[in-house]
């Protein structure tokens, strides 16, 4: 049996994984990256609209800074996020954009002079400043007070992943594609690496590593229709859960994107609305201003999705052979704009709908899109319960997004978290805590266990015609999740979902396969992944059942209020070895050290059960503001929430902005 | 009235000594809006559970699902069956190493290409992340993006007679990348450096301009223009180099 | 690049060649004058047929060089040929088919052209209204010339089109549109040159048939006929 040794094992070759790997490699560590697919095919590539960073170059971004970005992120999360993390993130995002610019991302740039844009359905002329010419520009996205989303047309994830993929090659970091991590090797609360399966040859072997990083993205594929790539089955989170030690957090916090095309479920970017696109109903009526007069189509994603569903419930949806939908109208933007800035959208419309979006409306409906939850980590990206295990990007609950992620913050999170976690992982490996005596015996034990599991699947009788198979049980799981753990949730639906999923889980552990070979065999893969997907589904359904409030994307029809008093806390799920269901615990989100105490997001009507500490903290914050008035925003900010000490030293510097430089010059 | 499709699928498991490369026919009823993604999954679900093929994004952006559809390379996920005859064949991409059935190893090929052609921005110095970014003309940035849109699907390689006949030819995917980095103002390399990489019969001078790459590129990259442009630049570089000798 | 250059030179030369040969369609005198012109008849004290021979030698060299360079791109063995042929037939792609046309016509010329070139090199003086017609008909060259005509004009025109797209000539702002136009131009050129060539060859054959009884007799331009007769009379 093969056992390999390395310093850092990164599971997942998307943006977060690659940036972490590059960071650790630059610190002189040996790094191995595992990826289900060639790294550049990872789901990051499908991100279209852009990444948020408060550069403040564009005319509509003037006055932007870390404080504004931080505030938008916290409000967007419905106060569910970790404010320390959000602060670190807002501070890092401009650095990440600039690093990527140097590494080859051809960010769209500010063009000086007047140009016409569509804002709130009307053509408006904006004039970009001369001095900003050639700097990185930004577009509008939902839930933000400034135009902050940096982009390359609507292929932003693509250009970022390719720049990072190229950088990975430049740094000589090896990527093993068609490789899957099957189990985490761990003992006594210390992660030691992973059992790896070569998806081509079927070989099982172990990579022992001082630090293991999970960067496998989200788990959207447990829903029937999702914007996620087919590989987003949450296997990284699932094997962490299977340790019985690591915790997953907020698995019920799932984002539904307002605009996925019907029926294929392929995403068309929020940039469509950011650039001026409108949502229309069966009558062609633009309905969003009726619900959210101020932000309309550019309210936060959770809000827009719910409003769309509400509107369809009122009978205003378009009934079609492939299901009910609404319209996304970008004809108002004109063909020239679409050809330059929304060409992927145009391609998708052409190939999957057979329409030209410059002339026809796009059929859309809210669709599962993003997992805010994941492997719970501290601000350094390390699991709090399993040492040596790190998680980064969508796979993690670092907790930047709380209960609703802002558009453009996920791309930003991948690279920002990658930059940070790469350093923290290296710190860890170099420190006393990271010292690890590799245990080949342990590796053999874990590999043996996985081998036995696969062989037992192959030994079971083949699925009978019409009987349970991985494909049939999976369809049932998907239907259950779509029906009961969707945009709106309630007690009875969630109860039946939990019962149904538990039943499926038991049946899934008994399914066999018809083709018994252990090398490249999609049937075998489906059979061993399904129980793991069901475990995640159970965490999400059970978490949603227990969380009797509405917060961000988690909307309970029977508990419509946001209940800070009882639910300002994170759900932690773990799976006792041999258990039949996950165990839930809760981690408080402390109001006492919030820079931005809980408040009203400004959508719909205020419906909040206050936390007793909120008023107190508000008063404290006010006092600090009053005391430090005129001392500059940096001083004030540090007094409210000191985050800089948590950052790696190399990233502590202030971000230059055009406005600051000009101000300095005037002085 | 829906059609009955007959899809002849190439099947072979190169690791199995018993396996012989063969075509296996699968029949299924065409549905409205059916893509090859839907059709192949239906075949896998009901007729051939261990049929290997690669889909990732299923939206035409990741490049995983390129295969030879009815004789021509293309992205299976966005190929509608109603654009195809009643009976047609599916083959894996040629040139690339076969994993099994319709699945080929493009990952290693592309990685080796990247290492060989050094397809990354060669920087003069580490970027200063706290400072304002270097300015770039907006039109130039869009020009670089135009070439950066390659998804490494391998269609250009499969469409290229040269790449099929001669191992080592870098193909349109490689040449386009060189054109992309040559255009990038951040890259410090000069034509002489690029000539070292592609100024040979394995590079730009091996290209016979059959332009199937250009005509079959799923992203409609301007490969014809880029290849011609590179050829002129590299020929110029070659002449300069000869003169200096 | 050298292949492109030699190809371009040869293709352009073949245009001129066609122009000269088709002079016979205007009149026999013009054809005679053209042929003699290259021997220096109009500017040297005496016509020098070796001038033509040396030109033929240069063209032959160009031809050989072009063929040699082109050979690099030919399928090198049976395996490569099989791959290329299967690929070409499956792909249903116009420009790939054109390349097979180039390979086939090139291969044909590899055998056909040397015969003609050798004849021209050895007997440069045998270019003229009667002499050429006799070679075509009585000398039995017409099947060769018919085959050569098709091979040369198709190969040359396709070659020029391919040169244009290869180096990006006449590309303009819209590569797709200009390529479409170039292709139309290529087909037009092929049609024109073939028509002209076939008409010329027909004319030569007709003359050859008529002249067959007196084969070997050399043409005398009309304006010299009186003079010659007078000289003979003297």
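Going by the order they are written in, the chains are A, B and C; count residues from 1 in each one.
Note that a contact is a pair of C-beta atoms (placed from the backbone, for glycine too) under 8 Å apart; a residue touches a chain by one contact, two chains touch by 3 or more.
In this text, all values refer to a predicted model and were calculated from it rather than measured experimentally.
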| item | value |
| --- | --- |
| Chain of greatest Cα-centre distance to chain C | A |
| Closest chain to the centre of mass proxy, which here is the mean CA position | B |
| Contact pairs, highest-scoring chain pair | A-B |
| Geometric centre distance via CA averages, chain C-chain B, whole Å | 40 |
| Length of the line joining the C-alpha centres of chain A and chain C, rounded to whole Å | 68 |
| Centroid spacing, where centroids are CA-atom means, of chain A and chain B in whole angstrom | 29 |
| Contacts with two or more other chains, residues of chain C listed in rising order | none |
| In the complex, chain A residues that touch chain B | 37-43, 45-46, 55, 94-95, 97-99, 101-104, 106-111, 133-137, 152-153, 155, 158-159, 162-163, 165-167, 169-170, 175, 177-178, 200-201, 229-231, 263-264, 266-267, 321-322, 340, 344, 347-348, 351-352, 469, 471, 513-515, 517, 519-524, 651, 653-658, 661 |
| Complex contact set, residues of chain C against chain B | 1, 72-73, 75-76, 80, 83-84, 87-88, 90-93, 95-96, 98-99, 162, 165-168, 171, 175, 179 |
| Residue ranges of chain B touching chain A (in the complex, touch as defined) | 13, 15-16, 32-33, 35, 44-45, 49-52, 54-64, 78, 80, 99-100, 103, 105-108, 110-111, 114-115, 118-121, 123, 127, 129-138, 141-142, 144-145, 148-149, 151-152, 181, 184, 186-187 |
| Touch list for chain B against partner chain C, complex | 68, 71-72, 94, 159, 161-162, 164-166, 201, 205, 207-212, 215-216, 222, 224-225, 227-229, 231-232, 235, 238 |
